[in-house]
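Next come two complexes, and both contain subunit A; in the first it sits with subunit B, in the second with subunit C.
This part shows the complex of A and B:
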């Protein structure tokens, strides 16, 4: 039986078979990558069709596929990218913005990446 | 690491090549659509301007990604990030996706080019680098 005695700011303790064990503090783990954050930022922009992400040997490779996006949408994508450098200063990533829509080699992206946004 | 003046010589050289290419195409009756390489060489010129500025601040760059990450994180250069990245991504479209650019898109590239050139040029001059060439845009 495991009984959590206390959790919160201090390390939690549990009584396991009569012994008190100090457990590491319970904390919520949020998994985020540059692509996930970027997809969330650009998902409402007109002209954004897809966001893909894959983990290359040396970096996260993020692909934003546009079709008919106007310049304000392009600016918003690059503003979101710029913020990523502050948010992930120690994580190498590369953002590729493909303005070619359906001609952008989508099959290769689909087969090699995780689809984070699909508005097609 | 090269000195800023050496990078600015490279700016002049790439610009001269760009002009030669465009003039040769015009002299050949606009034989082909070379807008892809016109965009690419405009981007390389911008990249070299930024390398000159980086050199003036003792920054050496390892990759294109390193350069635009530096622009993103450099306070007095962040205003050039949008324009720089737009030209960069369109030049990648040109080289890797075979994209060419109609006149309206070329006009946008030229506008972004001038924006980055003038911002970086101003910062170079503020750092005491002279002369800083303001190379002209070249029509496809």
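This part shows the complex of A and C:
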């Protein structure tokens, strides 16, 4: 946790790990959606090729496309998915895991979704 | 006891930063995003807000909603301290990678300690263009 402190006209200070530093730039943050967080968590796993996110009428659909992923990578994707439900209680979503190939319909996903991870 | 801050200003801009003298620089304020195609991801968005009538420490979150009131994305993990009720401090953020699913009307909303801030949301129009 970074604490942003602004007092009077003095420059903002941030307390990071108990140390006070002067902020000469703004705090940098990242928007969070289920897909963005999942993509960040699985980007280092072997066999994870793409992550797409599409807003369907009632929920986000997050697509994880795998190629040659082993059992442990698959388990890691599902573990990450479970954590998302606690992190986003107010954002309905589901996660779909696809094998890279004809059925993945990559071109359709590319045009209808935001590409969050592309390791191809 | 801490009361929820009143939002005096809330702006989106291309760049929000603080100079060496502590002045906030808000460059390229906007309320419309034009994209060649949707869905898209807006690479960087500056947010500036100025608050008043509060004292204490507050967890701050920012939410992005569509026109139906659905929460689409969020920023969490921020904490601000307002030392003096008479002060009107400003805070700036640069937020990256906002997914925008389609053209339409969206709202950016501020929350303090998980309660909606007193003040106006930002209305953001996303449309097709060049």
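Structure notes:
One rule holds in what follows: the second predicted complex is superposed on the first by the 86 of 120 C-alpha atoms of A that agree within 3 Å, B and C clash if a C-alpha of one lies under 4 Å from a C-alpha of the other, contacts with A are read in each partner's own complex, and residues count from 1 in each chain.
By our rule, contacts are C-beta pairs under 8 Å (C-beta built on N, C-alpha and C of every residue); 3 or more make two chains touch, one makes a residue touch a chain.
None of these values were measured; they are calculated from a predicted model.
Look at A:72: by the touch rule set out above, it reaches neither subunit B nor subunit C. Of the two partner chains placed by the overlay, only subunit C lies in contact with A:90; subunit B stays clear of it.
By the touch criterion stated above, A:33 is placed in contact with subunit C alone, subunit B being left untouched. By the document's definition of touching, of the two partners only subunit C reaches A:55; subunit B does not.
Ranked by how many residues of subunit A each touches, subunit B and subunit C are led by C. Overlap of the subunit B and subunit C interfaces on subunit A: none, as no residue is touched by both.
Subunit C makes touch with subunit A in their complex at residues 16-22, 39-41, 46, 64, 71-81, 83, 87, 89-99, 101-102. By the touch criterion given at the top, residues 65, 69, 72-73, 78, 81-82, 85-86, 89-90, 92-93, 97, 99, 108 of subunit B touch subunit A in their complex.
Note for the complex: subunit A touches subunit C at residues 1-12, 23-33, 35-36, 53-55, 88, 90-91, 112-114, 116.
The touching residues of subunit A, when paired with subunit B in their complex, are 59, 71, 74-75, 78-79, 81-82, 85-86, 92, 94, 96-100, 103-105.
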